[in-house]
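Heads up, the next two complexes both have chain A, just with different partners, chain B and then chain C.
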Partner chain A sequence: MTTARENSETLSALDRPNSYIGKTVPRPNLDRLMQGRGLYVSDIELPRMAHVVFLRSPHAHAKINGIDASTAKQMPGVIAVVSGSELSTVITPWVGVLSHLKGLKSAPQSAIAVDRVCWQGEAVAAVVASSRAQAEDAAELVSVEYEELDAVTDMRTALDPATAVIHASLGDNLAFERNHDAGAVDQAFAESDEVVEAEFVFGRHTGVTLEPRAVVADWNAAEARLTIYQGTQAPHMVQNIAALHLGLKESQVRVVCKDVGGSFGIKVHIYADEMATYALSKLLRRPIKFVADRVESFNTDIHARDHRCKGKIGVTRDGTITAFEIDDLTGIGPYSMYPRTSAIEANQVVNLVGGPYLTRNYRARARVVFQNKNVMCQYRAVGHPIACSVTEGLVDLAAMKIGMDPIEIRRRNLIADDAYPCASPSGLRFEQLSHHASLAKLIKMMGYDALRAEQTALRAKGIHRGIGIASFIEVTNPSAAFYGVGGAKISSQDGVAVRLDAQGSVICQTSITEQGQGSESLTAQIVGSVLGVSMDRVRVILGDTDITPYGGGTWASRGAGIGGEAALQATKVLRKNILDVAAAVLQSTPGDLDIVNNGVVNAADGTPRIDLSELARIVYFRPDTLPPGIQAEFMATRHFVPREYPFAFTNGVQASWLEVDTDTGFVKLLKHWVVEDCGTIINPQLVDEQIRGGVVQGLGAALFEKCVYDERGQLTNANMADYLVPMSGEMPDIDVGHVVSPTLESELGAKGAGEAGTAGAAAAVTNAVNDALRPFGAIITEIPLTPQVILTALGRI
Partner chain B sequence: MKASAFAYARATSVADALELLTAHGERAKVLSGGQSLLPAMNLRLIAPELIIDIGALTELRGVVVKEGVLTIGALTCHADLLKSPEIAAHAPLLTDAVAHVAHPAIRNRGTIGGSLAHADPASELPACMLTLGATIIARGPGGERRIAASGFFAGIYETALAPQELLVAVELPVPPKNSTHFFHEFARRQGDYAIVGLAAQAFVRDGRFTDLRLGFFAVGDRPLLARSAGKLVDVAITPAVLAEAASALNDELDPLEDHQATPAMRRHLAKILLARCVSSLLARPELRAGASA
Partner chain C sequence: MTAAVEISLNVNGERVEANVLPRLNLADFLREHLELTGTHVGCEHGVCGACTVRVNGDIVRSCLMLAVQTHNATVETIEGVSDSGEIADLQSAFRERNALQCGFCTPGMLMAAQDLLKQSPCPDREQIREHLSGNYCRCTGYQAIVDAIETTARARAGRLT
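Entry: the complex of A and B
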C-alpha cells in the first residue's frame, strides 16, 4: 500500500526540486571500477610486505602431535613458519557467544590451531615468505604429525550418547537450543480438519564472493599502530576485535576498507586466518598479506543453511491455517563464529516461521549442534530461506490436502494490510506490512489465471510446468536488539558527516560500507537531494575508521535505512547552517531562501540569489565581511539508530514458473516474479538489482549449490567445477514490482532490500516443482532440487 | 593456488617439441590451450618439471578437406572448430558438439588436440571421434603413428599416446551425403561437463537405420561406441525394439559415481538419450519416451 506522508516538512526534504530520491541514477563509483581503478586488498603492495600461506588440516578432527618446519624454513624466500602456540604469544583466543542467546555455548578458538584441529581446512601453521608461490612451496615441506580422532559429521547423530564430544569441556555437542510455544498448538491441531507434516532438508552452501577474503595487516612498531586493510562489511567491528585480542587500544588499530568484490555476509565475521594475519604482522613487525585462494575459500569462508526442519501445519476445510509447529536441527561446525555467533540462523528460523500469517498458535524447537565441518554463520537472508521454505511449503501442502488454490489459501490467512501495528506469534512486532497488496500485484504481474490455463493445456501434452508462490517477511534495519544487547561490540548506529568545501563541493563521510550494493550512490543521492546540489558535487568517503564516523557498516539490510537516514539528518543540518549564513549575507531570512541546483534561491519564486561556491568563498576566505556574530558551520554530523522497533520488517511475495523434465529430472526456470515492500525507494535500479541478485542466490540454493561432505568430514567439491553456482544461462527473467509502505521511524522511510530476493526464491521454486509433479504424487522438500533428487522422488531411478 | 616451480620451453617446431619430449618424457607436459593443464597445476594435482608450450606451432592449426578426409590440426581451438565452414559442411556433428564445450573464453584457448590427449571421459570431443571414426595422428621419435579413435582412449585421462609422442592432427572421413546426426548432453549448467552425453551419426533410408553410430560419453572411464546400436540397424523401430536396444546398452555401460549422478542415474539418462536420439533421427516423436517407459 502506498502511504502518503503526512508530515509536510518531511516531504520538503525528500521531494525537493532536484531530488534524486526515487530516481535511477548511475553509481558515482562506476567509472572508477569499470576502468580498473578500483583498489581491492589484493591490489595493495606495501614496502617489506610478506605473504602468508596457511597450512591447513587435511583431517576433520585430529590431534597435532608435532610440527616439523625445519626444511620449510630453509626454502628460498621464507621469512617464518609460525605454529598456533607460537602465535598465541601475541593474540588471545575467543569464544563466539552472545548473552541474549540463552544457553549458547562454544569453545575457545585460536587464530591457528593449537594441539588439535577440528575441521578439514583449519589452519595449523602459517608460512610467511616473500611471495605467495614461495610460501606455498615451503608449506608443502612442513610436516605435521596428526593423530586422527573420531569426526562428528552427521548432525542427526551429533547428540547421541555414542557420538564423540568435540569439546570435552562443553559436556556435549549441543551449542544452543531454543523452544517457543505460543497460543494453544495441541488444541489447534486437534480441531483441524487436516494436519500435514513434512521434513524439509536444506543443503549446506556458501557465498562464493568474486573477490576472496583478503587482508593486509601492517604493524607499525614506531607508531605502535596496526593498520588493517581488509574487505569487510564492518570496519569498526574489526577494529574493536583486533584491538581486544592483540592487547591494543582501539585507537591503535585503523581499519581501511576500500573496494570489496562481493560479500553477502561472508565478510562480516572474524575469521581465524585473518586474526592470524594481524598477529603475524605484530609478531614479525612487517606488513603481511593474506588472500584466500578459491580452495581455502570453500573450506573456510563461512557456510550457511544446512538445516533439517520438521514442520507441521493444521488447516480447516475452509482454508484457515490453525497452527504451525517446527523442529529445526542445524550443524554449525566445531565453533560458534565470532562475534555474531552461529546460533542466529536457527534463532531466526524460530522467529520467522509462520510470520506472514494470522494464526497465533505456534510451537518451535531449534537445536544447534557442533560438528567437525567448516564453521557456519550468517549469510545473506540469515534464516529466512529456511523459515520461508518451511512455512510456504507447509502452506502449499495444506492447500493441496484440502484442494484449495495456493493463492486462495494465502488470501485467507495473510495478515490484513490494515491490521498493523501487530505482532507475530513469535513476538516480532510489525509496523506496517502489505501482504495482500503485494499478492494482488503479483497475481496481476504474472497473469496467474492465464498461467494456470497454460499449465493445464501443456499437461495434456506431457509437459509438466509448475507455479510456486512464496510470501515472506524480512528483517531489516536492525537495532541493538540483534547483537548489542548480547554484549557484542557491534554498533547498530551509523553516522554521517557532511561538509561544504570552499568551492561549493560536498564531502560526505559515512560509516556504512560499500561491497557493490550501491551504498556510495544512495548516500550521494540523499545528500544531493536534501542539500539541493547536483550529485557530481558530492564525494562520498567510506570504509576508514580513522576518517568516517563510528558505526555498524553494511549488513542485515541496514545501509540505506540506517546510514541513509543519518545522511539525511546530517544534510538537513548542513542545509540549515548554509541558509543561516546565506540569509545574513543576503539580508534575508532563512525561511525565504532555498538551495536548488548548487545555488541559494528565493524559496518563493526560485530567483537565483547566490551560488554555493560564492557563499563558500566568502565563508572560508573572507569571513571578515560576514556580519558580526556569524560563525559559519559548514560541516554537520548526525547519527541514527532505530529505537522504537527492534527491526523494520519488510514483506513481499515471489512466484516461480518452471518446467520439470520428468524423464531427466532437470528443471528449467522459465520466469520469476517478486513484489516487495522496502518502504521508500531511493534508487529503483539499485533496489531491483539487489532483489534480482538476491533471487539468483536463492535460485542457486534451490537448484545448484551444496557443499558436499563425506562421512569423514571431507569437503569433496571445494572448487568451481564441482560446486555449482547459478550462472546466467540457467537464470530466468526476474520481474520486480514494488509496494511502498515507508517506515515512520525515520524521515527517509527506507527499509532494507538486500535480502528479500534470497528469502523467498527457493521456496517459490520448490513449491513450483511440487506443483509440476502433482500428477505424479511426488512431493519433494529437499534442496538443492538436483536431477538426482527429482528422479529419485519420481521413482525413475 | 600457485603452481609448483617448473621449467618452460616454447617449442619452435614440431621437431623441437619432439626432441624435448624425447629428452624429458614423463617429466614433461605439453601445453596447448592450457584449459585443463593449468588448473591442475595450480591446484598442485600435478607438478611437471617441464612445460613444453606448443602454442607457436602454427603448422598444427587449421582445418583442411581433401579427398573425402577432413584433417584438423591439433592446435585448432574450439572457437575455430565452431565457426569452421568446412566442419559445418562435412562434420556438422562436431559443430553441434563444440557448442557444448565449456564457455567462450575456454573455447578461445582450448584445442581439439588438448582435449583428446587429456581424455576426460566426460568431454564431448573424444566421443565425437569415436562416432565419426576418426584417426588420431601422433608423431614421435620413430615417426608418425596413426591410431584409430576406437583404440586411442584407454581410461580416465589415459590414451594410447606414448610420453614421447605429440598428437598433431585428427583425420575424419567425411560422412556420406544424406547422413544425419544427433548431439545432446545432460549437464547441470550450460558449459558444464556432461552427466551423460551422446554424439550420434546415422544413415536413414525408408524410415530405417542403415547405419547408426552412438558415441556416449560420461558413461564410464572412457567414451563408448555402443555396440547396442546394432540392434537398431536394418529393422523397423518399434518401442519393443528400442527397449531391447536400451537393455543391451545398459549391459554395455559401466558408469562412475560423482557429485552429479549415481551410476543408476547415468544408466537411466543414457537410455533417455538413446530414445530421444532415435526419435529425433527418425523424426518419430512417439518414440521419445520409448525406452524409459
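Entry: the complex of A and C
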C-alpha cells in the first residue's frame, strides 16, 4: 500500500492499541448466512399473510379497454383481484423529477396502470390469494382487453416529429437535456494535430440480484401502522415515500430491512409493484407478500446504460490532449424513476467524461428520451462505465493515431498528483487524487513491459492478446448535492448511536444498511477501535426505521465514508462519557485514563483500573454509590454529512490482459489488475472484495450482458438462460492494489470503494480487445463484445 | 390440478411424511412446507444454482425436481450439512476469506463445493471454477470463493497424509 499523504494528526482516535482499522478481520455473523439461517424477505411469513401476483402487460404500449376478473375471483384461495383504478383510492401517483435537474420532466405514474400500459411488464392488475400458486392460477384467468398503440423503441428516432409521443401532456419524448461548454473547444480542435471521432454504443443491461425484489407489507388497522419488510438500501427513503403516497405520517410507517440478497442499486428505488403491495395491505387490512419471479425481475428491475455516445478528442503530436467533446443519447423507458429520477446517469456522463485529464476544453450534450421499454435508472457506478469507456476509448484512439503507447499518453495528460485541490472542466471539485501514483503502481503490478514483450512474441505465432488500460474517477460520499437540493427526501447524512450496556458490551445502531458489503463489520471495527473494546463485544443493529437514527443508507459508495464517520464521532463521545465516570469512581482525572481491552487502564503505563463490566454494574445498578452530581450517559449519538465537498472523488486505474480468438470471436480474460485510492482503508479484505465484485459486474457488461428488445418493445431474453451473466468459469483472477489519500473532510478519512471496479472494467476490456485486434485494423466501440460484434468488426461475418 | 400425493422421505436425518400436489417442486416443498429456508430460489429454471441440495448423495437443482420424485429418497439441505459439521471447515474458510457478501448464493455454493471436494480431493483452480460454473454469484466475482475452496481442499489433503 502506498500512502500519498500522511494524515497522522487526525488519525489519533483510530490509531490506538489493538485498533481494528486497516486490519482484515472476518465480518461478524456470517455463520447465519452460511448455515441457511438468514432472514431474507422471501423467507418471512406472517399470520394471515396473503400473496400477490401481478398480471403484467404483454404489450409495450397499449390502451386498456377493459379488465374482466369475474372468473379469476371464483378460483380457490383468491382473496381479491384489484385494478389500477381500484387501487388508486388508497395510493396517489407520483412524478419522478428533481428540481436541480433543470427541465427534467416525466408523467404521473400509478402503482398499477390505469387505462394505459407503457412497457411490456407494467402491472395491470393485482391478484391476491392465500398462496402464490393460487394467485398465479387465477391470474391466468383475468382477461384484459388491450388496444395496441405505436411503441417508441429506438432512442435514435424518439425525438423525430414522425414518432408517436408517449405522454401527450409532455409535448415530446425528451425527458431531459443538458449542455455544457467549457474552455475553447473549437479552437482547441482547430489547433490539434489529430482529431479522432467515434460512436460508443452500450448494451442496456440490468442488476440481476440473485434474490429478486421482495416486499412483505403489513398494515395493522388497529394500530394504524404499516410495517414494510423490504430488502432496500434506503429504509428511511422508503418510509417517507410510502407515507407520502398512502396519506400517512412517517411515524405510521416502519421499514425493516433484514438480510438482502444483492442490491447494486437495483434495490435503492421505489418500484410501482412495491407501492402496490403497500397499498394492497392497507386496502385488504392484512399482510401481503410480493416476491418477483425471475421473468418479472428482468421486465421490471431497473435497467441501465442504454446509451449511444458520440465522442471526439483532439491531440497534438507530442501527446497533449487538447479537448473532449461528447454527444450522449440515452433511452430511459416511459417514466423517470421515482424518487431518484432517470436523468442522473446522463448527467453523470456529462460530469465525468475527461475527468482524469488536464485539458480544460470540454463540450458535452446529453439527451434523455422516453421509450416504451422497461424503466432505466441508477445501477452500480451510475454513468461511470459510460464516461470511462468513452474517455478511455478516445484516449487510446488518439494514442494510436499519433503512434504513442497508451501508458505514455496517460502519463502526459493525467492531472498531476500535487495539483490538488482543483476542479474538472465540468466543474467537479477534487480534493486529492493520485492518478500518477496509481498508474505507476499498476505498471509495476502487471509487469507492463514484460507483457508487451509476451504480446509481441505471441503475435508472431498467430495468438492475439491485448492489454487495455483505463484510468477513472469515482463519485463517493455524496452530500446533499446529489438528491436533497433537488427536493428529494433522501437523507445525505447518517447517524449512529452507541451505548454501553450493563455487562460492558456495546450496542450500536446505525442508519447505514447491509447488503453484504460489510457495513456491520466496518461499524464494529470503528466502534471497537475508538472505544477500546474487542469487536466481539460490539453488536451492530441496522435496517429498522423504528430503531436506528435517521439516515441515507448504503448506496453511492457512501456507507463507510459517511456512516463510518458518524460511528467514529459517536464512539468518541461515549468514550469521553465513560472516562468521566471512571475518573469520578477511581478518584482520577479522565486525561490520566484510557480504555484498552474492555477495561479502564492508566493512560501512562496501562495498569488495569476497572473493567468496563464492573463500571457498567455500578452505573446501572448502584448509581447511589457514585459521587454526588455524577449522572452517567453511557449512550451517545452523532450524525455526519460532508459539507465541504459535494462528493469525495476517488480515482484509480484498471488493466485487462486478454486473448481474442479471431476465428470464433471469443474473448478469454486472462488477468485483471486494479489500483484504486479510496482514502483510509478500514478493512483491506472487504475493500478488495468490493473492487473484485465490482470489476466482475463491469466484465459482465463488457462481454455478455444485454437486454435484447425487438422493434415492438418485447424483451426477448428475460431469463437467466438467455441473458448471460459472468460465471466462475469465464472470470479471471483480479489483483488489487491501493494508494491511500484520505479525505480531510472527516476524521476517518474514508472514501467509497463500492463502484470503482464497475466504473473502469469495461473500458479496460474494450481497449484490450482493440489492442489485440490492432494487426487487423479493426476498432470496436460497442459493448457487450460478443463473438458476433468481434467477427463483424473483423469482417468475418 | 391433480390430487395430492402422499410421499415419505428422509430430510436431514428426519423422517418426513407429506401430502403434496404433483406440480410442487422440491425447492418450494423444502421452503414452504418444511420451512427449510436456507435453500434459496433465484431463477426457478435451473440456471443459478441457489437452490442446490443433495438427493441420495448427488447435488440437484431443487427447482427442477418435483417433490413427488423424492418419495423414499434422502434429502440433505444446507441446514443438515451445517448441523452435522460436515462442512464446518469449508464454512470457516469462506468466513476467513470473505467468500460471501450478500450470502444468497452461499448455501448452494457450499453444497456444490462440498460435492467437488468429495469427488476430487485436490482440484486445481480451473477445476474449481469449472465445477462452480452453474452457481451464480453477483457479489464476489468468484475469486474469494475459489480461494476458500482451494484452501479447504489443501487442508483436507493435509489431514489425510
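Here, the second predicted complex is superposed on the first by the 788 of 797 C-alpha atoms of A that agree within 3 Å, B and C clash if a C-alpha of one lies under 4 Å from a C-alpha of the other, contacts with A are read in each partner's own complex, and residues count from 1 in each chain.
Simple rule for what comes next: a residue touches a chain if its C-beta (ideal position, glycine included) is under 8 Å from a C-beta of that chain, and two chains touch if they have at least 3 such contacts.
Source: prediction; values computed, not measured.
Within the superposed three-chain model, A:264 lies in touch with chain C and out of touch with chain B [touch as defined at top].
In the superposed model, A:721 makes contact with both chain B and chain C.
When the two complexes are overlaid on their common chain A, residue A:293 makes contact with chain B and with chain C alike. By the document's definition of touching, neither partner reaches A:545: not chain B, not chain C. In the superposition on chain A, A:729 contacts both chain B and chain C.
In the superposition on chain A, contact of A:516 is made with chain C only, not with chain B.
When the two structures are aligned on the shared chain, A:281 is found in touch with neither chain B nor chain C. After superposition on the shared chain, chain A has more residues touched by C, the comparison being chain B against chain C. By the document's definition of touching, neither partner reaches A:57: not chain B, not chain C.
Contacts of A:426 after superposition: neither chain B nor chain C is touched. Common to the chain B-facing and chain C-facing surfaces of chain A are residues 133, 137, 293-294, 719, 721, 727, 729. Those residues of chain B whose C-beta lies close enough to touch chain A in the complex are 1-5, 43-44, 186, 188-193, 195, 259-262, 264-265, 268-269, 272, 289, 292. Residues of chain C that touch chain A in their complex: 1, 23, 31, 35-45, 47-48, 50, 77-79, 82-83, 91, 94-98, 100-107, 110, 125, 128-130, 132-146.
Those residues of chain A that touch chain C in the shared complex are 26-27, 30-38, 40, 42-43, 45, 133, 137, 207-212, 259-264, 293-294, 515-518, 685-686, 689, 692-697, 719-721, 725-729, 731, 733-734, 757. On the side of chain A, the complex with chain B involves touching residues 132-133, 136-137, 140, 293-295, 462, 663-666, 704, 708, 716-717, 719, 721-722, 724, 727, 729-730, 786-788, 791, 796-797.
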